[in-house]
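First the structure, in the form of structure tokens, and then the observations on it.
When the chains are written out, they are named A, B, C, D and E in that same order, and each has its own residue count from 1.
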Amino acid sequence: EAETIRIASQKTGTLAWELAVIRAHGLDKKANLSIDVVELASPEAGKIALRAGNADVMVSDWPWVSRERSLGAKLQFYPYSSAIGAVMVPAASPIKTLADLKGRKLAVAGGAIDKSWLLLQAALKQDGIDLKSQSTIVYGAPPLLAAKTQGGEMDANLNYWNFCAALEAKGFRRLAGMEDVLAKLGSKGRIAMIGYVFDETWADANKDAVARFIAMTREAKQILATSDTEWDAIAPLTGAPDAATLRAYRDRYREGIPRRPIADEEADARVLYRVLAQVGGRELVGSATELDPGTFYQAIPGD
Amino acid sequence: MQLEVNITGKSFENAAGKRHDVLAAINFTLNAGEVGVVFGPSGCGKSTLLKILAGLDHNYQGRVVRPGVRLGMVFQEPRLLPWRTVEENVRLAAPDVDEARIAALFDVLELTAHRHHFPGELSLGLARRVALARAFAVEPNFLILDEPLASLDNALAGRLREQIATLVASRRMMTLFVTHDLDDAVRLGDRLFFLSARPARIIHVETIAALRAKRSEQDIADIKARLAQLDLANM
Amino acid sequence: MQLEVNITGKSFENAAGKRHDVLAAINFTLNAGEVGVVFGPSGCGKSTLLKILAGLDHNYQGRVVRPGVRLGMVFQEPRLLPWRTVEENVRLAAPDVDEARIAALFDVLELTAHRHHFPGELSLGLARRVALARAFAVEPNFLILDEPLASLDNALAGRLREQIATLVASRRMMTLFVTHDLDDAVRLGDRLFFLSARPARIIHVETIAALRAKRSEQDIADIKARLAQLDLANM
Amino acid sequence: MLRLVSFALFIATWWIASLLIGDAKLPPPPVVLAAMLTEAKSGALFVNLGATLARVALAFTLAMALGSAIGYLMGRMPLANRLGDPWLILLLNLPALVVIVLAYIWAGLTEVAAIAAIAINKLPTAVVTLREGARALDPALDEMATAFAFPPARTFRHVILPQLAPYIAAAARSGLSLVWKIVLVAELLGRPNGVGFEIGVAFQLFDIPLLLAYSLSFAAVVLVIETLLVQPFETRLSRWRLRAA
Amino acid sequence: MLRLVSFALFIATWWIASLLIGDAKLPPPPVVLAAMLTEAKSGALFVNLGATLARVALAFTLAMALGSAIGYLMGRMPLANRLGDPWLILLLNLPALVVIVLAYIWAGLTEVAAIAAIAINKLPTAVVTLREGARALDPALDEMATAFAFPPARTFRHVILPQLAPYIAAAARSGLSLVWKIVLVAELLGRPNGVGFEIGVAFQLFDIPLLLAYSLSFAAVVLVIETLLVQPFETRLSRWRLRAA
């Protein structure tokens, strides 16, 4: 009897790609799981699904999980991807380093509390640059800002990795990925900001199923990491308009597959949490100043 | 079946909040088969009185006992439903009326050509006639008419007067009507209530003993002459 | 200043799309200082005619030449603005009227107590008087009255008749009014137009030579008697 | 006829605008039509349109019925109005997003929650409009109905309803458009299909032709319903109004 | 007085509901109040409320003025109506998201684009409501105004406007609520401040108390404006209506 796991997935998100691979290769049957996909159209919808009890697993970031824990909702996090935002500029742009962003018009996707944006601010603060006040910041919806950047209305765009990949394919230059500033902020490696999020009690009750689920997704990631033909199969899902974009998606996706031990992830998270708390303030992290100790899910064998 | 009226007062509060006395003491009774006529200066409170008697206004001092009867009413304005045709207006008030009766009514009231017109397509006189048709069609036991013959030409008014007389004679019903025409009052009424200016009270009651059908032109002229001599300022 | 009327036809199309002829040929002229009276059976087209003459309806066959004059009009219904007080209703139509004139008008029409009332708080007779006050207040050169004295008591109606006569005498204005009361017509009119049933045409014109102010009760009775002899079915 | 001309004019304006502004900013009609056809061929257009229409129909009916009843009561009974008014204003001014999120959290990501949330968003605007209508009712006709002892049902149908008709028409038209705006948010946040879902996807992919294809398909459906059903019905109902001379 | 009772009732209902459903699904009043106070102390509440109110006021005024004028014309002139109607239906049924996205694409991520987009969303509902109002105008009063040679301004102010008043009231109330729903989307998609922006943030964090704090603050502002300004004004304007006997 296969156990059922309900996953909230954004139709255009990378999770949907992996799920397609899982289905195509029958990985779910192999893991003796029945995967129930709750398909949704916007990133925030997953949180509703989890809170409403319509999904067991969704994808979000650990700062949010820690915040929720401090407010009483015992959620847990397991790394899913280290792909993270990047700053894109037009190929011919005079902007060569992040410090050059000073005095420019920078479009920031995801609003004032976007993780990449907070990291960028923290990094530049060390160089004595207060980007928020020293340049023109335009907040907006990610797809809209990507289009605006492409239209030449912005000097630079800090956006989610998939929109950056699309811009890259259009000939934009990757000024810096946020993974590049992590070291400067005290992180030992490329941390996975994004992960599976689920309820602690649910996970405790379904330890074995969770372990099989994680193993299954790793397998799917492995397939996507090694097989190029697999990408042609999922191409329609990505919405990539051309081969170049698909290639950019593929490369960035592969880079983002997390491979570090969970303990390392958690250690880095603890460091970065303090940084984020400092820049993002109360709004982002709530009253807690330290990463909530139970944030990371530790019960996967071999981690 | 009898209408007992013991009103001690009625006043309105206007938009500015000031009190406006309309009726003072009004006491009378009216029996089935009788026609009462209310006669009084413009604005004295006649329509207000009729509305109280019709049970449309309960906000007065005093007491009115009216038997639970079928009411037919002609308001001072036609009050037709603009979105229903002439015929529909009549049939909505009198759902049980049969085709023959409607046809007869429309014939007397010269409405046959307008049966399927909407009220907005009627002249005021036509609309008032529809209101009359509606009140007659319900076959009332209690008929209230607020200036039923205003805005009609004399020939038609004469015929309608006869029609009302026939109706009253054919059924033992109570009838109460307002008019400014002494001639109408004397020809149709059994008891004439003369009201004072606002706040209205009854200043004279004239009871006509002669049966309606038997009143000669001479009787009528006599009564009119006598009433003219009383100092009822408002005839 | 003269009104020339040459209407050859007027018809309405009703909601069902059927044509409804209302006016046939109507030809007459009316001079300044003259009072024309329109007399005809209910629903024959009198109000329709008045609306055409007032320039409110241009959709007819024929031609009407009317001097560009100040018009005062009393519709068959009061047509007051329900959201404006009695005084505001008059002043909106006659912004230049002075306080003394308004006070005098309200006095004659017995409206003084109702100056600040809204139309919904008036009796029909009161509302009709406000409509009269409005028409008089504009100091018109052309006065159109559609049954101005209906729904008023006889005493008041008599006084208003005199008021209209005074007004007409004081200014050389054209006046046209509709009535169903032969007495009113003969007392006030210079020329009486008798209309047929719908579609209306003029079946008789009675010109009264005697000056209005000099008509004795005897003259009036004579004219009425003569008119009664003519077979004008609709008096 | 005139409607066709007007429609042609619209297409022409759009086309010219897209030529002036550039394809990227406003795709021309054929491109959008192509997107529409692709979706139609795959059947996705009809599935999504059907799902959304079903939700719209349900939520709209619910909100109109309930909203009209409440609005009528509030317009006629001053007490009900004074009690209900603060609630009404609150409900009017709650963001759609908040209502939808709360509904989903309480009732799960279910069809019932979505429809209830949409109906709750629309409800107060119907109340507000019908309340004005009920306040403007003519007391003279009411008296007439009482005098002739009309039973309540007859009074309602023949005396009240025709007076409320223009208010109902206004509430229905603007209400349909509101429901349609909100169903999209509801679908975006918690339904796995429908036009709102597809528009969300199209927005994430920034596929403007697809965005327009779905939006205009719905508008077209409403246009057809209006032309073939609502307007002839309205014309019939308002026959009694005098045409201007 | 009654309003206060009604308000207290609302708070009580909310509190009890939150006790029954659980804090996580519906935060009780004190929690939301605390969130409100925190935001108020930092000043953020007022800055955002101010920004949103300014946008709402501008877009609302624009849409009401233009919408009323167009609606009036369409109600009075059958030709204008037949020409404009398909456009109207189209505009009514364009999703807010699409209009806002297109406006941002064409006019940049500017204040002007945001306000224009909001106004365009609200415009057609005002048109639809005022059109019904214009259709229901009484021709008898029009004739009266013509007979007495009222100049156009006087006719408009004293004859037309009072007849349109209930329709304007309905359009304004439901319109304000629509504008408020849409300004949030506009701020969410492309403005750096405002209640919508904050609600977006609260939504990303899934911070329900904060979400409610901002929503209810705005509703409270509207409630105060209604109670102190709009309703006394309305009462004055409708003095002429007869109270039911």
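The rule is short, and it goes like this: a contact is a pair of C-beta atoms (placed from the backbone, for glycine too) under 8 Å apart; a residue touches a chain by one contact, two chains touch by 3 or more.
No experiment lies behind these values; they were computed from the predicted model shown.
> Could you work out which chain's C-alpha centre is the most distant one from the centre of chain B?
Farthest from chain B by mean C-alpha position: A.
> Which chain pair is joined by more contacting C-beta pairs, A-D or B-D?
A-D
> In angstrom, rounded to a whole number, how far apart do the mean CA points of chain B and chain D lie?
Centres of chain B and chain D (C-alpha means) sit 49 Å apart.
> Please work out the Cα centroid separation of chain A and chain D, and write it as a whole number of Å.
38
> Find the geometric centre of each of chain A and chain B from their Cα atoms only, then give the gap between the two centres in Å, rounded to an integer.
85
> Just the number, please: Cα centre separation of chain C and chain D in whole Å.
Going by mean C-alpha positions, chain C sits 50 Å from chain D.
> At least two other chains touched by the same residue of chain A: list those residues.
Counting only residues that touch two or more other chains, chain A contributes 44, 51, 141, 144, 147, 151.
> Hunt down the residues of chain E that sit against at least two other chains at once, touch-wise.
Within chain E, the residues that touch at least two other chains are 25, 101, 105, 203, 239-242.
> Tell me, which residues of chain B touch at least two other chains?
Residues 15, 56, 77, 118, 121 of chain B each touch two or more of the other chains.
> If we count contacts the way the header does, which residues on chain C are in touch with chain B in the complex?
Going by the criterion above, the answer is residues 12, 14-16, 20, 40-43, 46-48, 76-77, 110, 114, 116-118, 121-126, 129, 147, 150-157, 180, 182, 233-235.
> Over in the complex, which chain E residues touch chain D? Could you list them?
Per the stated touch rule, the residues are 2-3, 5-7, 10, 21, 25-26, 79, 82-87, 89-90, 92-98, 101-102, 105-106, 121, 124-125, 128-129, 131-133, 135-136, 139, 166-167, 169-171, 173-174, 176-178, 180-182, 184-185, 196, 199, 203, 208, 211-212, 215-216, 218-219, 222-223, 226, 238, 241-242, 244.
> Quick one: in the complex, what on chain A touches chain E?
44, 47, 51, 64, 67-68, 72-73, 110-113, 137-141, 144, 147-148, 151, 153, 283-284
> Over in the complex, which chain D residues touch chain A? Could you list them?
24-25, 101, 104-110, 113, 187-192, 196-201, 203-207
> Quick one: in the complex, what on chain B touches chain D?
Spelled out, the residues of chain B in touch with chain D are 51, 54-56, 70-73, 75, 77, 79, 81-84, 92-93, 118-121, 134, 138.
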